[in-house]
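Chain naming follows the written order as A, B, C, D and E, and within any one chain the residues start at number 1.
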Amino acid sequence: EEVLVFAAASLETALELAAEEFEADTGHEVTASYAGSSVLARQIQAGAPADLFLSANQEWMDVLEAAGLVAAETRVDLLGNSLVLIGRSGGGAPVVISPGFDLAERLEGGALAMALVDAVPAGIYGKAALRKFGLWEQVAGSVAQAVNVRAALALVSSGAAPLGIVYASDAMADDRVQVIARFPGDSHAPIVYPAAATVTADDAALDFLSFLQGDAARRIFVEQGFTLPGE
Amino acid sequence: MTLSVRVSHRLPGMDIKVAFDAPPGVTVLFGRSGSGKTTIVNAVAGLLKPDAGRVAVDDWVLFDTEKGHWLPPYRRRLGYIFQEGRLFPHLTVSQNLSYGSWFAPRGARRENRGKVIEMLGIGHLLDRRPALLSGGEKQRVAIGRALLASPRLILADEPLAALDDARKAEILPYFERLRDEVSVPILYVTHSAAEVARLATSVVALQSGQVERHGPAAEVLSDPSVAPAGVRAVGAVLQARVHTHHPDGLTELEAGGDRLFLPRIPHREGESVRVRIAAQEVMLADREPQGLSALNVLKGTVLAIRSGEGPGAIVSVQTRAGMVLARITRRSAEALGLREGMECYAVVKTVAIAPEDIGGHVIEGSK
Amino acid sequence: MTLSVRVSHRLPGMDIKVAFDAPPGVTVLFGRSGSGKTTIVNAVAGLLKPDAGRVAVDDWVLFDTEKGHWLPPYRRRLGYIFQEGRLFPHLTVSQNLSYGSWFAPRGARRENRGKVIEMLGIGHLLDRRPALLSGGEKQRVAIGRALLASPRLILADEPLAALDDARKAEILPYFERLRDEVSVPILYVTHSAAEVARLATSVVALQSGQVERHGPAAEVLSDPSVAPAGVRAVGAVLQARVHTHHPDGLTELEAGGDRLFLPRIPHREGESVRVRIAAQEVMLADREPQGLSALNVLKGTVLAIRSGEGPGAIVSVQTRAGMVLARITRRSAEALGLREGMECYAVVKTVAIAPEDIGGHVIEGSK
Amino acid sequence: MGWLGPEEWSALMLSLRVAFWATLVSMPFAVFVAYALARWQFPGRSVVNGLVHLPLILPPVVTGYLLLLGFGTQGPLGGLLAKAGIVVAFRWTGAALAAGVMAFPLMVRAIRLSIEAVDPRLEQAGASLGAPRVMVFLTVTLPMILPGLVAGAVLAFAKAMGEFGATITFVSNIPGQTQTLPLAVHSFLQVPGGEPAAMRLVIVSIGVAMGALLLSEFVGRRAAARVAGT
Amino acid sequence: MGWLGPEEWSALMLSLRVAFWATLVSMPFAVFVAYALARWQFPGRSVVNGLVHLPLILPPVVTGYLLLLGFGTQGPLGGLLAKAGIVVAFRWTGAALAAGVMAFPLMVRAIRLSIEAVDPRLEQAGASLGAPRVMVFLTVTLPMILPGLVAGAVLAFAKAMGEFGATITFVSNIPGQTQTLPLAVHSFLQVPGGEPAAMRLVIVSIGVAMGALLLSEFVGRRAAARVAGT
């Protein structure tokens, strides 16, 4: 049977690996459509034939749940992530972020790459974290907001921006960048990827959802730099 | 088939207001550049919607603004030869020629395509596109396109302007045939005196958008005060019969018992022909001329002497062959003491009668 | 200024290969539709790069394929009157007229704009765009545009084809003036016998891309075997002086002691004029004619009798006024017993000399 | 095909199908609209003109979103089409619809420019020879605007091959169903180390589009040469 | 302006500025390229033609990425421009560059179609009257292609007003600097409940673009009417 998953774009690598294993185990076929959470959520609202929805933030899942489009009882917080400050590889020593940290100086007039700070989860978290340390006002004018976190990563890895704030999972995937600092988990709202089956999902989809919560899948997610909720 | 035209139209800089009824045959629109000829033709074709007017061929009304009647151009069954060619650039000559026949009703009379192509001398151009044609070739194709559209009304706007005399002489008989045999009404614009003289059944002389003079060709053409094609167009038409083709290249005609010699014409012996004798080619003498190179001397009596403002006078002479017009100076008229009823001789040079002045058929009002 | 043209060019369907040297003045290209006239003019203008050839005005070489020399069109200082107008549709008439002067060198001779506009009768059209002009109006503007470009070489491709006779008669003198006073070389394409006769210094008769006959106008025009403009163009030119303007509308000329009467011409008394007498308008008599309406009778002796293939013959008669040509039938020539050296009378109708056959000035080879 | 993986291959085929149908189906509408805008005066002309240009002005995401609202399974137009047996939501047909809508203004503009360049006097000549309006259009106008039609088609095809924003918003990014080349490229770019694969697809799209372009140049030139007579 | 917040207002002004300059600056290049493609035969013609169309074919993100590589602070062309005092990375100038590049093929196509429709015999007439090639272009060709130029400009302007993918990839979304209307719209659409705000901006862009369109229609019609003579 076929399972159609609507998943946030940043989950693609990990989800593909997990899906492969699930397909090998069960013989079901998993097809995934990756796009921004907002796009996917709207499509589900418009009647998309998705079985599972993996969102990069809680809000869109809330919207769908409120609309009765996903089965509330299937909703789980599947994954977590952490935020890191990155620079080009070989670019200087790691630091610890603290309220006194001179981020602006570190930018040397360049841009700080982030995902859209008012729209995309990674950007929203990043902005909150910078606020927490009192750094936001320092750099607000030099933040280059990319369309999503991958694009922010690309800005750094291509050298267009000296520094960027991305998920740890993204930083791990690109060896042209290195982690300069980690933002403590309490500097922003918890980063959670909720998952749920839609009301039209069949058993195979539910199987896949449980598979994603199983050990095999968890191993893959951790390898890809995600954290597990509650950890 | 009477063509009745009534058009008034306001153009920036000029008002067109004409009304005329033309008898069957060729109606020549005549007038100086910018006098409104093309505008009137366009109104008849339906390419221009005049402010007011009515155009009809007998009781087939093309439009009548008063009654709100307007036949779209494609239903007027036209053969419009445009002043500027307007060939379809993306079609070959052959396709251009066929274009009208694609839309002609099944039963429509069709011209013989081969003959038209031969007459126009465009057989070797059939596969070319118009962009590769010379100016005159384009014009000939445009003529062919209109003739082959099975038209019920032919509009020809200076169709022969870009052609050499020889070519004109080949094409003119075709228009004559359409006029005489097929009786398609033809509205014809030209500046050429020879064409007017040869083709026109009636002439409409325009001036600044108004009809200046209108009437049967013979009448308008013999009126020196109008002389729309210039005084050179004044002339009379004789009805004659081919008598003998002489071995020295002359053709002898017989007209009312008189003999006329012409450079050889293509008509068969016994066939009847129209001969136009331009008034300015005719001399008058008060006695029979002796030792003169002119072979055609017609005896007659002076019918009328009309003089305009210039130094010339038109003398009509009744001969056995028919009425002949002579344009001479008033001074000569006085010197010869010409007066009505006087006997005189009309002298016409043989070679002064050009081949394009010979038509093959009778037209109304031509005698 | 001698215009020397050598062009060979291969067109699909036809090879053009011409070579001629034309003396100063107007060189008329003559030939049937499709004979290659426009192609040659385009090569001279530089709009067509011929396969091989050389064109020069005296030692100013426009192009020479052998030497690899090619002057781009814009440096040829042309006044090209195109067969199809080619007015700039986005410019007003006035701007069209000025166009050439924007690029003319500072020191260039300029035509008087006002005069040209007046001659062409386009003063009331200056603010219009070409799309709103009639066919003849367009052509007149095109003429004006070329004349006002301060050209060193005028190319005119049937410039008067769409115009009425009256308008033609107004424009022709302008070309004459350019030829005689300003001595701009003019390459002129026309089908009109009258224009050839009036303007041509030399004539190049083309047939299927080849030069059929080439020489001084008087010579080519009096050769019945070529008669490029049709035999009607054959004629002789007399040099005369205006003697008296008579109150009855006639003008009396004096030529070598003989008198000629013409319908009034605009020239002043005492001024010298050229009069072309078409051969076909001339009759011959073996004795002095009596009681004939013709006012012009010139006594002379037969110089030569040439006959072509047709029924006609051209007789040259030496009179006191100059040589006169007469086209009569061979039959008449025999009837009159004409032979070289014989005394005879040339009879010319007064009204047969048309105003457009009178030019104001002397040209070389015209006598 | 060795160089392209099966998914990439299917994305390519899908893109070709989408672009082809998007171009083909929108062409007659584009011709009609272009003709109307070029030659007719009617009330609401400006509105039509504006509507046609809308997909160009709007961010593609918005266009996609509007399409989703209108043509989704819940959308009013989607319902209509579904009744006619055409389901566009989350199907390749929807991708074609999105691509067609996005390419429409380009096509209309090109065709309209060409129509405006046709000398109405030639159309008059056609009418004078007995051709009714439709036939004049088919025998005179249409052949003469062929270069513009080809230009419009190739613009549309290229645009359809490259369309991303409206497509992903409207029909999502479902491999084998709606994942066209640009969407696949996008997906690869989301994956760390996906750049080489993305580049491969980019090269493929460039290749296809260049092929279409060359072909269109050829056809367009021939058509133009026919009219120019050379 | 009460209806729009200060940020939205600044996004609007920025968009106008970006679209205006993108159109204005790319116009001469577009005219040149269009003329070359329409009238000259030269080796590499197809390559140039292909390059021009590239932004249409490539997913905008890819175009943006290529711009980033070429014109970024580290990019070779970016370095060159920087020496000339023009910094495009993360500046509104970069947004204009992206919009200009994306709109370029549309402009070139429109202009090229118009140039191809100009009768070369009129250009010949100009040359015969003594106008050198450049002057023939300026006095004959250019005035005659005015409708096409206007059409191209309005297409480009509309495209520039709507450009999103390449812009955000190249210059990111910096409020007041590079946050054009479409980027703002996009941001609003990302968050639940952002639709009304997004819709407000969409309406503003439509309004602006329609204004430009109407103006261009007017100018284009006048230009065409001049040539048609009515």
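Basically, a residue touches a chain if its C-beta (ideal position, glycine included) is under 8 Å from a C-beta of that chain, and two chains touch if they have at least 3 such contacts.
Because the structure is predicted, anything quoted here is derived from the model rather than measured.
Chemist: When you check each chain against chain A and chain E, which touch both of them?
Modeler: The shared contacts of chain A and chain E, listed by label, come to D.
Chemist: Which two chains are joined by the greatest number of C-beta pairs in contact?
Modeler: Per-pair contact counts point to B-C as the maximum.
Chemist: Quick one: which chain's Cα centre is the longest way from chain D's?
Modeler: Using the mean of the C-alpha atoms as each chain's centre, the farthest one from chain D is C.
Chemist: Indicate the whole-number Å distance between the mean C-alpha point of chain A and the mean C-alpha point of chain B.
Modeler: 91
Chemist: Provide the C-alpha centroid distance between chain B and chain E, rounded to the nearest whole angstrom.
Modeler: 60
Chemist: Measuring centre to centre with CA averages, how many angstrom lie between chain B and chain D?
Modeler: From the centre of chain B to the centre of chain D is 57 Å.
Chemist: Which chain E residues reach two or more other chains?
Modeler: 61, 65, 165, 186, 189, 228
Chemist: I need the residues of chain B touching at least two other chains; which ones are they?
Modeler: 84, 128, 132
Chemist: Spell out, as numbers or ranges, the residues of chain A touching 2 or more other chains.
Modeler: In chain A, the residues touching two or more other chains are 154.
Chemist: Under the stated touch criterion, can you name all the chain pairs that qualify?
Modeler: Chain pairs that touch: A-D, A-E, B-C, B-D, C-E, D-E.
Chemist: Show me the residue ranges of chain B that touch chain D in the complex, using the header's touch definition.
Modeler: Per the touch definition, chain B meets chain D at residues 45-47, 72-80, 82, 84, 86, 88-91, 99-100, 102-104, 128-132, 145-146, 149.
Chemist: Of all residues in chain D, which touch chain B in the complex?
Modeler: Chain D residues touching chain B: 121-122, 124-133, 135-136, 139-140, 143-144, 226-230.
Chemist: Once bound in the complex, which stretches of chain D touch chain A?
Modeler: 61, 65, 68-69, 72-75, 89-90, 168-169, 172-179, 187, 189-193
Chemist: In their shared complex, at which residues does chain D touch chain E?
Modeler: 46, 49-50, 53-54, 56-62, 65, 105-106, 109-110, 112-114, 116-117, 120, 147-148, 151, 155, 158-159, 161-162, 164-165, 181-182, 185-186, 189, 198, 202, 205-206, 209-210, 213-214, 217, 224, 228
Chemist: What residues on chain A touch chain E, complex-wise?
Modeler: So the residues of chain A touching chain E come out as 36, 38, 41, 59-60, 62-63, 110-111, 113, 116, 118-120, 141, 143-147, 151, 154-155, 158-160.
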